[in-house]
C-alpha cells in the first residue's frame, strides 16, 4: 500500500463518511435500531402474562414474554434451540438491518449515477470496497450499541429483572464484541451482493435476506451470553477472513462488469 | 504527446456492435468536437475512456500512459448524459462530496469558484432533485470543472442550456484550454455552437471514425464561394459561366466556387449590365459539410 | 384565421376511462416478472412453513394439528400463542402489500404516472384502477397460496378432516378481504409514492397486524376487533360461518370506499412527482 | 376559440414562487413557441396544464373547457423533461401501454405509424433503458403523438436530437398541424430552430409572461434592412443618406425599412463603388429576444 494508494483510500473514506452522515438514511437506521428493542420489550411485557380468554372456546392462552432483560441479547450456551418469540426477536435482528443498510448504501451510488464520477477518477476498485466495508462496519457498530442501549431502556421501562445467572458483565462484553465481528461477515456479504446487483436494489435485498437466514441459525451458538475470550477471537478471525476474501470477490466483480 | 490515443477499439452490447475498431487521436490542449448521429457510439466511446465499461478489444492511451493509470485518471472531469448527483441532498453537499472524492485541499473556495463560473451560487442550497433541467446541466459542468482537471469529457453538455448558459460554456472551454492546460472532448448535436469553439473534429458513424481533422483542414475542405441572386438568374448564370469555371445553381442562388474577389464578380456583372439583387461571400458551415458527408455514404 | 375547425370532444364514459387504465395495468402486470415472482413466493410460503413445523423435534409437537390450518387458524384468535395460529393465509396480505408497493412505486419512479395523469384528469380513475388491479393480484396470490398449502399439507401427512362448508367460507372470506387490503396498500403508496421503501415497511406493520394484536391484548379477544382489516381476515377462520363471510364482505367494502375517497382527496391536492 | 387560456396562474414550491400571476392564450392550430431562460417557469406551466402539478390559484381552460374535463384531457399529448417509460420493458411494450391507456382501436398499426414518423422502427424490441438519449427523446415524441392529440405539449423536444432529428421534428409539426388541426405548445432554447416552425411566441421571465406575439406581428414589428459592404463604407454612407431616410453605419452599413436592393445597387455602382456584399435581412427571433430581455433587465 504505497503512499498514492493510501491517500486515495483516505479520500474515498472521506467521501463515504461525508455521504453517510449527510443523507438521512443512516439516521433512520439508527432510529429503527433504538426503537425495535424498546418496542419489543415494552409490548411483550405489557401484554404478557395477561391471560386472554377466547369467548367461543373458553380456552386460555398466555403470551409468553421476556423473563430477563439479558434475553434481548440471546440465551446462555446451554439453552437449546427454540423457535419461540424470545429467540427470534432479540439482538440478532440487527444483522438483517445492517445487511439491508449496506445494500441500500451501495445501490444508492449506482442508482444516482455517482458511480460515474467515482470510477472515472479511481482506476482501482479495491479502495471502493475497502472504504465501503470500513464505513458500513463503523455504522453497524453504532447500530449494535444503540440496539443494546435500547434493550436496556426497554427492559427498565418494562420493569424486567436485570439479574445475571450463569454469566457476568465480562461475558456480556465478550458476547457483544463477538457479535460485532460477526457483523463484518454480514456486511461483506451484503457488499458483494450489492456489487453484483448494482442498481437492482430488490435483488440484493432478497439475496441478503436469503443468505442471512442460513447464517442466522449459527449466531446464537457463536455468541452466547456466557461468551469467553475464545469466542471473541474466533469471531474476530472469522470476520476478518470473510471480509478480506469477499473484498477480493467484490473487486473482481467491479473490474469485470460494466458500471453504468 | 497526445491527450487521448485510441487504437481499433471494439465494443458490442450483446449482438449489437456499438464500436467496430475505432481509431481516435486528441492532441493536448485541443477542443475536440465529437460529432455523430444518435446511437453512433459517441457515449459508448466516452464511457470507455472513463473506464466505466469494458472494451471487447483495442487500446486506450491517455497522455501516453495506459488509461488504467491512477495518476492520470484522477485528473479527468466528466459529464456524461446527466451529472451523477444524489437527488435528495443539497447541491452544496454534493459538491463537498465530489471535492472529497478528488482530494481537494481548500474545497470551499474551489466550490465557490466553480459555482461562480456557471452562475449557480444562488441556488447551491436547494436539493438537487428540485433543480430544473438547465440548472442540473450547469451543476454537471461545475462538477466536471472541479479541481481543474487536465482532461474534460463532456457528452452533450449544451443540452438544455439557454442562450446565456451556452455563452458561459463557450467562455469556460476557451479559457481552460488557453495555455494547453486542459484538453476537452465535447460531443454535441448543435453544430453551430461547436463550430465556434472546436479546434479539432471527429465524425463518427455506426461505430467507425469516418473523418478526423483540425479546424484548419475543415476550413480548407469547406470552400468559400460567392453567392449571387439576380432578377434573371439564367442570364446571370450564362454570363458568369463565360468567365468563371465552377458555377453551380443551388436552392435558387448562383454559387461561384472559383477563388475570386466578390467585388470583381459584381463589377463584371455590372459591366454585362446585369444587376445582382443579392451578393454575399459565404462558406459551407460545419452543418452543411456534415450533412453532405452523411449523404455521400460517409467515406469522402 | 383559416377555416374554423370544430374540434369535438365527446365525454368519455366512466367505464371507458377505467377500462383504459385497467388495460394498462393488466398489460403491465402480465408482461413483467414481478407478478409471477410473487405468485411463486405465495405458493412456496406454506411449503416452507409446514416444513418448518415438521422440522423441530423438541417439546412443541409441531405447529399444526390439521392440514387445513395452513390456510386459516381454527378459531378467530386475535392474540397468537404459538406461531401455528399466525402462519396462515394472512401472510398473503403482507407479500401482497410488498408487491403492490413495488408495482405502484415503479409507476412513480419511471415517471409513467405523468402520462396517466395527463390523459386522466379525474384522480378517482387512478385510485379505482390501482385498487382493482391490486385486489386482483392478491386474489391470485391467495389461490396460489391455497394450492401450495394443500400440496404441502398432503406432503406433511396431517389429517385433512375439516367441515368443507366453513373451509370454503374461510377461503372466500380471505379472498374478499384482499379488496380491503388492496385499497389500504394503494392508499399508503399514493402517499409515499417514490419512496416505496417506507410503504413496504408499513405493509409489514399493517400486514402482520401488530396494532390489532396490541389492541386485542387490551380489549381481549372480543369480536369488535373485526372492524379492522386484520381482525376480520383472522375472523375468516376454519370455524367461520355465513355471518363471518358477510362481516368480511362488509368490512372490506367499507374500508375500500373510505380509502378510495380519502386517496382521491390526497391525490387531487398533491403534485404527482 | 383558444386552445389554451390561462388567467392569473400561480404555483409555489415551498414558498418559492415558480409562477406568479401568469397569463397565456394559445389560439387553436397554432405552433406556440414558449421561450424563457432556465428556471423561468416554462416546465412548471406545462406541468400545470397537464395536471401534473396542482396550481395554488388561477384558472386554466383548454378549448374553452376547464382543464379538469376528462374529454379534453384525453386528447392531450405531452413530453415533459423525459418520456415516462418503464426502463425494463421494450419500446413496443411502453407504446402499447400508452395506446391501451388512450383506448386506441387498432393498436399495432398506430404504433408502427408513430414509430415510422420518428424513424425508430428497427429498434422496436429494444428495452427502453438501453436507448441513447436521442433515441429516448424520439420514443417520447412517438408516445406523445399516439392517438392524434388535439393539443401537443413538448418541453424542449429538440434536446439531444441530432441534425437529422431536428429536420424530422420540423416535418412532424408541420404535418400534424396541417392534417390533424393539432395545436402545439413547444418550448426550446434553440431559437434558430423555433423561428422556422413557430406561428406564435410567448416570452416568459421569472414566472411572468412578459410578451405574447404572433410570428406575423413580430415580422411586421421587426424592421427589415439591407446590409451593404463596399470598399469605402464612409463615403457610401454619405451618398446613401441623400437617397434613404434611415441609414446607419457601425461595423457595417445598414439601410433600414428598405427592401429594393436593385435601387441601392444602382446608386452604388453608378458611383463606382466596389460592392462586395449586399443582402436583405430582418431582425431575427434571437436578436428580438435578447433586445427584449435587456429592456426587462434594466426596467
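In this document, chain identifiers A, B, C and D correspond to the written order of the chains, with residue numbering beginning at 1 in each.
The rule we apply is simple: a contact is a pair of C-beta atoms (placed from the backbone, for glycine too) under 8 Å apart; a residue touches a chain by one contact, two chains touch by 3 or more.
These numbers come from a predicted model, not from an experiment.
Path length between chain B and chain C in the chain contact graph, taken as the least number of steps between touching chains: 2. The fewest steps needed to get from chain C to chain D, moving only between touching chains, is 1. Note on interfaces A-B and B-D: more C-beta pairs are in contact across B-D.
Chain centres computed from CA atoms place B at the largest separation from chain C. Taking each chain's centre as the average of its CA atoms, chain A and chain C sit 30 Å apart. Each chain gets one centre point, the mean of its Cα atoms, and the points for chain A and chain D are 55 Å apart.
Averaged C-alpha coordinates give centres for chain A and chain B that are 50 Å from one another. With each centre defined as the average position of its C-alpha atoms, the distance from chain B to chain D rounds to 24 Å.
Across the assembly, chain C contributes no residue in contact with two or more other chains.
Those residues of chain D that touch chain B in the shared complex are 13, 36-39, 43, 81, 130-135, 138, 156, 159-166, 189-192, 231, 261-262, 265-266, 269, 274-280, 286, 289-290. Interface residues of chain A, counted against chain B in their complex, comprise 4, 7-8, 10-12, 14-15, 18-19, 22-24, 108, 112-124, 256-260. Those residues of chain C that touch chain D in the complex are listed here as 1-2, 5, 7, 9-12, 16-17, 19-21, 23-24, 27-28, 31-32, 106, 110-122, 268-273. By the touch rule above, chain B contacts chain A in their complex via residues 47, 50-54, 67-71, 73-74, 76, 78, 80, 82-89, 93, 96-98, 100-103, 143, 153.
Residue ranges of chain D in contact with chain C, taken from their complex: 27-29, 47, 50-54, 63, 65, 67-78, 80, 82-89, 93, 96-98, 100-103, 143, 150, 181.
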